[in-house]
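Below: a set of structures, written as structure tokens.
Both complexes shown next keep chain A, but they swap its partner, so chain B is in the first and chain C is in the second.
So, the complex of A and B:
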């Protein structure tokens, strides 16, 4: 493979966007969770919710910061590395990005300040409103960015060609392209699942040390409830999204399932070694016929194989096939964990069930892995196109040299490695301390020098409760 | 009534960039001044004075970039590759200084020292690279048809280096005068001394950059009255309010510093930035990629501009309103323990 500006730009984009998506997938869910916690605290005045809020908001701040800075990069990288794409697609999907900035980014960024620093500056109602607005902002942002991405997957509502330029003819069809609703639901549910798994893992870790920590027991129960409901729903949303793929991107579906031959009664490959050179699978472990049933609803349905597409129009198969299986396998494990957790709640043994708590800790990072796998399926599976059927990736790249891109790619690798490892360390350190450590005994604040007289004093835990006023 | 959509959008993008430069300017300035603080506690105060705002401030940069993509895709598609290296350098620097807000508070001894350095270094490099981007833009971009046709280091010239240093000095002035307004005691006193030095450096560099800009392209010189070896006083007189505004801004800074005012120096610095911004803009207008592509040639389809204008008309006033509200919530002097960590 020749490392030209195209290949390097693709590696750089894949790396920076995979790094970026880690944070939104967590903060979209966490913002909603914080809004629920603060709402419950205001409603019930149960201190457990406040302690949990003040704990998870710190984790939120760390993750959100990393999401913001890695997101700013994306808004410039479209131009620096994919200028032909920008010039061609700008008149159609430019407004979707603009709406994301105007409707979501400013909202999140401005009210995040109030959320983090306004605890003692504004009343509880305004503070709660700020948390809700941040949560709303994260969802609005997901709406617009998934809308833009879905248009690139299943473009509709436009006219023109790459040479003469594209122009929108129906904005509703541009914004609500055919695959958009299912893909938005799939991503938002994925974010909620990712957050539930992290909250469950952190709480279970604390409970393994101290089964009587009521805050962690409460958080664990909340995340089990989330998992038990959302994980099965996600299977449904994923299936709907898969039906869209069959209709709009049949080559991607063929790659996902490693179907090489167009036929009815497709087998379902549980595992296989697909090879594009061979135009087939080196080996496969399959169940006969039910591939057609899973993807088409009936064993008699004819499903297109990769033989229906010219070799230069086929996506990479191996990575798409396996990324999909990893995602679905983890999804099934999440469903099992949710049901297991529900069963422990029914038995009243959640906080003491060592095997379950260990399983929660082990499953903590799987949401991130599933999200990245899912995006690999979506983005690699639509190759060789960047705008499906309209613009090829190889034609979208900027007129820049390989030297500049190698330098920037190297710099991104170094900077992101530092930011990610330090960020992960600080978050894990916080999670290991747990919600109670920072709330009650208050270690000397790190912001204050050790010699300072008030350095040893407990931190003001927040505004006085209503009863005290 | 037919709206001139490309012109309206040129105005919106210009406003976003100006707001970005003024707002993120002062918080990048805080980072530039970080090494001069006398104690870690003063650095905590400096950071706390901007912690609730920096994210919102930086969003104007996203609107500038995203807006350019949306409203003038052709300009976006030419400028970004042309300035590839300084733009990505700016991104790396903004990443390091952006995460430093949280990381510095979480770090223990070594971590805190590292992120203190990352905040100072990142802010300074971000300011310098923004200067390189600005300089590279003003000196003009080589086109090949409707795409960038130059080399990877076209942006690196004595002129762009001069602009980079000038912009960094200007950001330091914004940062120092912000601190005068928002801090007290020793730090307030230090900020006054920093502001004096930054004001002198900014004023000198502003003059040098202004003169140098006259030589980067004949169009710029012609706008200011120097054409074909002749000088047209009427043209210069027409534009004279711009340098006079800058002079008034500098006067306000100096008067505020001399009289011990708290807000005047900051307002004066902002005025200097508005003047400098307008002064540069008249040079290349109506080009959006100097000096061969006008904003009309680069504009997106009218239906896209129209749709977005509806969004802007509704959302921009709301954004400005809550931005002002957030600044108002965190008004007043800031101490070292204003953080929530």
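So, the complex of A and C:
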């Protein structure tokens, strides 16, 4: 493989988006969780919800900050590294990104200030409204970004050619492209699962040290409830999204399933070693006929294999095949964890079940891994196109040299390694501390001048009374 | 972080006047927006974009 500007730009975009997607996939769910916690505190005045809110809002603020920084870099790359894509598709896709910034991003950024610094200043009602607006902003952000990405997967509502540029002729069709609803549901549910797994892991970690910690026990039960409900729903959303792929991106489906031959009664490959040069699998562990049933609804359904597409129109198979299996495998593990947790709640043993708590801690990062795997399936599976069937990736790159991209890629690697390692370590340290009741309450005031050397020492009660002598 | 993030008012504290709460709401919202804009433009300048 030659490391030219195209390959280096793809590596740079993949690297930066893999870092970036970690943060929104966490903050989308966490913002909703914070709104639920504050709502429950307002309703019940149970101090546990307030303590949990004040703990998780710190994690949210840090994650949001890192998401902003890594996200702004993404949009600039569309100009620096993918200027042909921007020039060709900008009139169609540009407004979607603009709406994301105007309607969502600024909504989040504006009311985050109230969330963090204004509870006493604006009062409980307006503060809760701010929290809800931030949560709504994160979901709106997801709406526009998935809308833009779905248009790149299944473009509709546009006219023109790559040479003369694309223009929108029907904005509703651009925004609500055919695969958009299922992909939005899949992404939002993935974000909720990711958050539930992180909250469960942090809470379980605390409970392993002290099983009587009320706040962590409550947070763990809430996470289990989310996992038990959302993980099975995600399986359904994923299946619907897969049906979309079959209809609109059959080459991607063939790569996901390592189908090389167009036929009925396709097998389902549990594991395989696909090889593009061989145009087949070196070995495979399969269940006969089930592949047609899963992807097409009947074993008699003919499913297109990669032989239906010219070699230059096929996506990379190996990485798409295995990324999909990693995502689905982790999804099944999440369903199992949710049901196991529901069982422990029913038995009343959640906070004391050491094996379950350790499993929760181990599963903590899997939401992020599943999100990145799913993103790889979506993006690598769309290759060799950047806009499916319209603009090839190799035709979308900026006319820049490999040296310039190498330098920026190196800078990204170094800066991200420093900035995000420090950020991630700080978040992990916060999580390890856990929610502490009363952590935000002001210390008792002492009538002493600031800066006094013995300011922290207990106050002298004065000479004892005669009766005490 | 502990001192910066503000907790809820104490239960016995009387609420501030509505106009002051609304004024803080607007000031903090605009401050958040300005801070985000500053980060974006700083990154833009760092990348050498016009």
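Just so we're on the same page, the second predicted complex is superposed on the first by the 437 of 469 C-alpha atoms of A that agree within 3 Å, B and C clash if a C-alpha of one lies under 4 Å from a C-alpha of the other, contacts with A are read in each partner's own complex, and residues count from 1 in each chain.
Simple rule for what comes next: a contact is a pair of C-beta atoms (placed from the backbone, for glycine too) under 8 Å apart; a residue touches a chain by one contact, two chains touch by 3 or more.
Nothing here was measured: the structure is a model prediction, and the numbers come from that model.
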| item | value |
| --- | --- |
| Touching partner for A:106 - first (chain B), second (chain C), both, neither | both |
| Which superposed partner A:61 touches (first chain B, second chain C, both, neither) | both |
| Partner chain in contact with A:157 - chain B first, chain C second, else both or neither | neither |
| First, second, both or neither for A:117, with chain B first and chain C second | both |
| First, second, both or neither for A:84, with chain B first and chain C second | first |
| Touched partner set for A:127, first chain B, second chain C, both or neither | second |
| A:73 touches, of chain B and chain C: first, second, both or neither? | both |
| Partner chain(s) touched by A:50 [first = chain B, second = chain C, both, neither] | second |
| Partner chain in contact with A:232 - chain B first, chain C second, else both or neither | neither |
| Winner by number of chain A residues touched, once chain B and chain C are compared | B |
| On chain A, the residue positions that both chain B and chain C contact, one per complex | 57-58, 61, 68-69, 72-73, 76, 79-80, 105-106, 109-114, 116-119, 121-122 |
| Of all residues in chain C, those that touch chain A in their complex | 1-2, 4-9, 11, 15-16, 20-22, 24-25, 28-33, 35-36, 39-40, 43-44, 47, 49 |
| Chain A residues touching chain C - in the complex, by the definition given at the top | 41, 45, 50, 54, 57-58, 61, 68-69, 72-73, 76, 79-80, 105-106, 109-114, 116-124, 126-127, 130, 439-441 |
| Chain B residues within the chain A interface of the complex | 40-41, 44, 51-53, 55-56, 58-59, 61-63, 65-71, 73-74, 76-81, 84-85, 87-89, 91-92, 94-96, 98-99, 101-103, 105-108, 111-112, 144, 146-149, 152, 300-301, 303-304, 307-308, 311-312, 315-316, 319, 322-323, 326, 329-330, 336-341 |
| Chain B-touching residues of chain A, taken from the complex the two chains share | 57-58, 61-62, 65-66, 68-73, 75-76, 78-81, 83-84, 86-87, 89-92, 94-95, 97-103, 105-114, 116-119, 121-122, 167-168, 171, 398-401, 403-404, 407-408, 411-412, 415-416, 418-419, 422-423, 426, 429-430, 445-449 |
